[in-house]
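So that you can tell them apart, the chains are marked A, B, C, D, E, F, G and H in the order they are listed, and the count of residues begins at 1 in each.
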């Protein structure tokens, strides 16, 4: 006997973040079956949905999914309504290789109706790039800072601005980059105080942490 | 030749957190020398100052330090003025073994003039304890949640409240607790979304992350 | 010279668990050769037999194998006779991604003639789900609790019920989930006492541990 | 403000294991304070209480603690009443170096009123020792098997008996024994099926897992 | 400029082991080029030559290679002359999954003109299998003992025989088998004294260590 | 909004090394887009550009890239002018498997107009090979020494020559070679003093470190 | 109940190595109790017996122990009779820091009546030292080669001699020497074939492996 | 028999660095014995000589040692003659906790007659400090850059100057600073190209690498 599956639609009310289906390593039939249980009047978010997986889904299900291949995310059911005013959140990264995580973060914010801006090339090897945009960055309310390799970008920005910084280590790099572990650890032991960190390549988590902060700013 | 030492008093203006002297593994003479360079009209914070170290400092320096042995912290120079209204920050922990990190967090908040409350015994092995205090906890603006061993407390609270949660892994435990690494990793891969995490036993960092959020709430 | 291969049919008499062929990384010709040595009057169990491997086996052998693709297991020879009474064992998991290990456990119990029930969606991010089924769960004799990521489900259930709990960490998750190592370690250092743990994704081992307990309950 | 401390006396009713105070790294004043909150009409168990810590406690508290230095445990309050019949549980270990964990397990059983026997020298380097006692061992209901280094004792016994086996890795050894991690991992990947494992040196956990099995045997 | 490539034909005279080409991760053109430099009057051994790689080599080179797909080895040039008398070396393994490394060892001995026998199924989960063959095993001069998972076979045999034992850990297993690291470490900390160990899956190295011992027995 | 991409052409003036695009894990469209932003009058270097990636690029972009498949590098824009005099830098490696990293180093030097010579087979298992070329090696100004497995080549050369040695660990090997980590660590703890080390397989980094030394020799 | 302790005197007959008591982390009372069970007509060997431990033993026991502080070993009971002819075994090490393990190996051989010679300073940073003694070293039957840090000594000697080489990694070094793990791994992946390895600092194990080889040479 | 000890005085001629005695974990009698073999007309350098060890040496030996407690180094025999001109080497560090390694580097340079300057407080949390000294730093020939924690200082300086940079990771920090491993790895994967790295806390190695560069600049 298998007891009923349980969708947690109440999650949005409890913590302000939609029910989300994590698709990595799920089989096509598992994803199809989950979709059958979903309510189209509610919003369900899908992460780590590879293009390969998406393409193999039942066509009736595919039609109901708004798929975004760059971020490997999809939206099922009710679409979010974006507040048209300016973005409160900046997502800063060291280079192009960090973009998949950055875009996962942006989509996660989007599904909660939150706008964000991306600064894609501020790696510290060319410090002038941070200096060029520093004043502009200071005008946001929350920063998500993504970097792989040495993760040094987080420490430099952390020493320059007073905003909440959510550090997002990425798996960019090879050898002792150790699939993002070095960036993760470097961010956790940053010499700049008050950096908090999410799992490697976890754009979804970084955005969710930002949403929790917005929850309390709005109060 | 040794070029001059550089105290970063401007840090408070830039990022809202006082210049802080990290004392772990510093020799007595190193700490004495640093103190000689400090300005008594400004606030300098000391962390990881063991009672042993404190007692061996020059007596004239000891007089200028407000030492707190439970949190192994000290304050030099101008004392903080606490806002007398109710605390905005709750520091929750799984059990008594986590208290040194919890108290380091509380002192770090105190030096910035911020009140906080501690909930010391909410480990999930007795779930009724979280249930007893849940409504009260939801009234704060930010939660710092400390736990060692399996770090499960963070996931349970993360699924129940919408507040910003700064997870503070502690080195409580033995064997594969791996000096806090298991709690750290479990918090980073929490099944509850939007948890952000600081280094093991880093009460100072958790409090600093909370200060960054308060910086933006106050705006 | 290669000395004869040795099938351990006596294993069932000694420890109550059938001879089992672990197929991961075995070549097709190795599996074919092993099957040739088997006795169809006895029961032999196959684990980690991928659909790809199964399909390439000699067709005469394939006919003798009862293959189950969801659990990647097969039965060769005598089929088990299931006791029709209610299940003594509940297999609880955090979410759909844990199902392959859960089903391997269920099949392993099945081959020993033991019924089990599956509770597939009790992750602690939505605590109401455990609360909904808690009374029902307490009526079983043994719990197998599977979870990946932070493994927190085990600690929460461990604090609520007095039954034997066999914790089954799964490789669900990414980054510092470390292919199940974080869940494994978190379960080993669970703040709830008396949890014992098997290898990552080892549904077969979890079920075998349950069988050992049933061996002694039956006495 | 520090919210009240919460003793979990109800734990014994919920899961059949007494409230337990883990003393490792707790300060003397922390332990003294906890004792002040305890109820002498109830049983509280203390683990990892070093002789050094015990000796420094307030003398009035020391009088109320029944301390056992070999297992570094103590009992506060109501003493357990032992069932005088023969032991149901055998604790087997590879050699003398494993005894501290073995004795912690025995004391944990004792506090729940359960007798156990210890077989102290059955390491596989001298296989005749297991063979000498094998029939005697088969008469127990549950085995706790402790070993450090290679942990091979567990696999050998696991292939010979059908009883529940709780593997207890110890930190005996040096170099790549890695403080018990090698024994732990070897036990988790034992070639004998159905072994479940607790944390390194966790005699308390192994005994608690045995208690959970006894809970269900008794039903 | 690239300075000349240097084949070490003198190796056999110096240490008694032929020049060997390790093919893992070498490109087809690299292997083709190396073969062009070889002397067909001398013996060169190839290891880790996958069937895929072998098939893509230039056909003229393929003709000169005596390829063995089970062990992924090949011989180029002069073939070894085997001493027809009985084998001095037994290669014992826990199960079929260990055979690729076992066969690499056997081929390495063969290229030096040494016979060996394989005992393929002596895993300790069924101890009767070791007991059945123990007397026969004691008649060899050197044992190579291969095992994955917990590596316990080595400790059991090490406690029963006085022969040199070269332990060969294999990558058999999953989860905390850690691709052979657990077997390797367990063998290194074996409770049976005098076991020496080679790298994971290194059948070539185990055989070479045996050859060094035969070098000195022959003196 | 995505803020503009920022090419760091000034890098060559600041540190003497061209702007470089690291292509590992970049998608085809990401690489195409980066190329569109490049200035053909300046030199841009591409590393880790797999033949597969290269072939899929837009044909107009492919025409502008000078691709080298052995080193997986490419040059875009202005070609380097090589100083025709003799090479100042020797790149020494243990064997053919190390060549991809060696060639990446050579191409990196080439793009800065620097000649280098390669000694491809000097592994210490045949010490006569180092001895044969030692005098010749001593005539260079800088040595890059690449090795995988045990990395012992670096220690032997480090004890024989006074030149700057940049150690380049490679991922050659298997098992506890740990994808180059063992070579890396062995080089870092070399018993020969004054060896400095770059990341595993980082031929680009080794060459860049050599360029920094040439920068100061030229002054 | 604690079942009797079991001394394995038969070990010497089975495998040619005396019963040995490993004293690390054993308490004084544990060692005293073991000694009481020993037979003075038989030989028992003690390893890792620190001077501190030795001094605290009961004086009657101390008198029966022949203690050697440099190797931290002791002999109880019958003394070995040394064969006066020349040594068959050379123990080579990189430097003085490796001597404790080297001396443990020498004492282990001594208790089995075997002479050995020590070459204490042959580290590869000064290659002339190996070259000076190479011919002399080639005259032994077995080499034990100890080194910490990079372990490169083993690879160099392994490429020069055809003798059995037992590699003994030591914990000499700091940082990424990782308490001997780097030397261990480097020896396991040595580019010289046929090296077999024992645990870090395991002089006892290296000598025991040599004894196993002598067992078969003597036949 | 113990073959003669071998002092490598010729090292200075071969590689330009004096024979050095590494004292960590050496016993007092070992150090005393080494000193007896030394030639007072030559220079021998001692590293990692703790004040405790130094004080316990024979007084006649202590007189011949020029001991420096801050760097834990000593000089035996001929003193170096310092070139009085300005320093060519700058040693930059993030903060006071890095000073022991920095001073070990400075003493190592001093024994070779080389002057160096120290910049002790340039951590990136206060970026203005690097900016203040950047022009001055650019005037040296070689930089040694020491940092613990995140090691970010190296990446920032690496992006700003063209000089050779020897990165010296220190063990400053706690938790996932992992005793310097995080700084080491971050430096190895620095986003600034051409950084080469030495072992954790290896001031001696960093200085020796600088000496090798000076060897070739002087040519």
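Throughout what follows, a contact is a pair of C-beta atoms (placed from the backbone, for glycine too) under 8 Å apart; a residue touches a chain by one contact, two chains touch by 3 or more.
Here the structure is a predicted model, which means the values were calculated and not measured.
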Chain whose average C-alpha position is farthest from subunit D's own: F
Option in A-H, F-H or B-C whose residue-number contact pairs overlap C-D by over half: F-H
Subunit B and subunit D, separation of their C-alpha mean positions in angstrom: 34
Rounded Å distance, subunit D centre to subunit F centre (Cα mean): 55
Subunit A and subunit D, separation of their C-alpha mean positions in angstrom: 44
Numbers and ranges of subunit C residues touching at least 2 other chains: 11, 95, 125-126, 158-160, 171, 175-177, 184, 188-189, 192-193, 199, 202
Chain pairs that touch, as defined at the top of this document: A-B, A-C, A-F, A-H, B-C, B-D, B-H, C-D, C-E, D-E, D-G, E-F, E-G, F-G, F-H, G-H
Residue ranges of subunit F in contact with subunit E within the complex: 87, 95-97, 99, 117-122, 125-126, 128-129, 132-133, 171-172, 174-177
Residue numbers on subunit H that touch subunit A, as the complex places them: 94-95, 123-127, 147, 149-152, 155-156, 158-160, 173, 175-178, 181-193
Residue numbers on subunit B that touch subunit H, as the complex places them: 1-6, 8, 10-11, 22, 24-26, 30, 34, 48, 171, 179-181, 184, 199-202
Residues of subunit G touching subunit E in the complex: 11, 14-17, 20, 141-142, 158-166, 184, 188-189, 192-199, 202, 204-206, 208-213, 215-217, 219
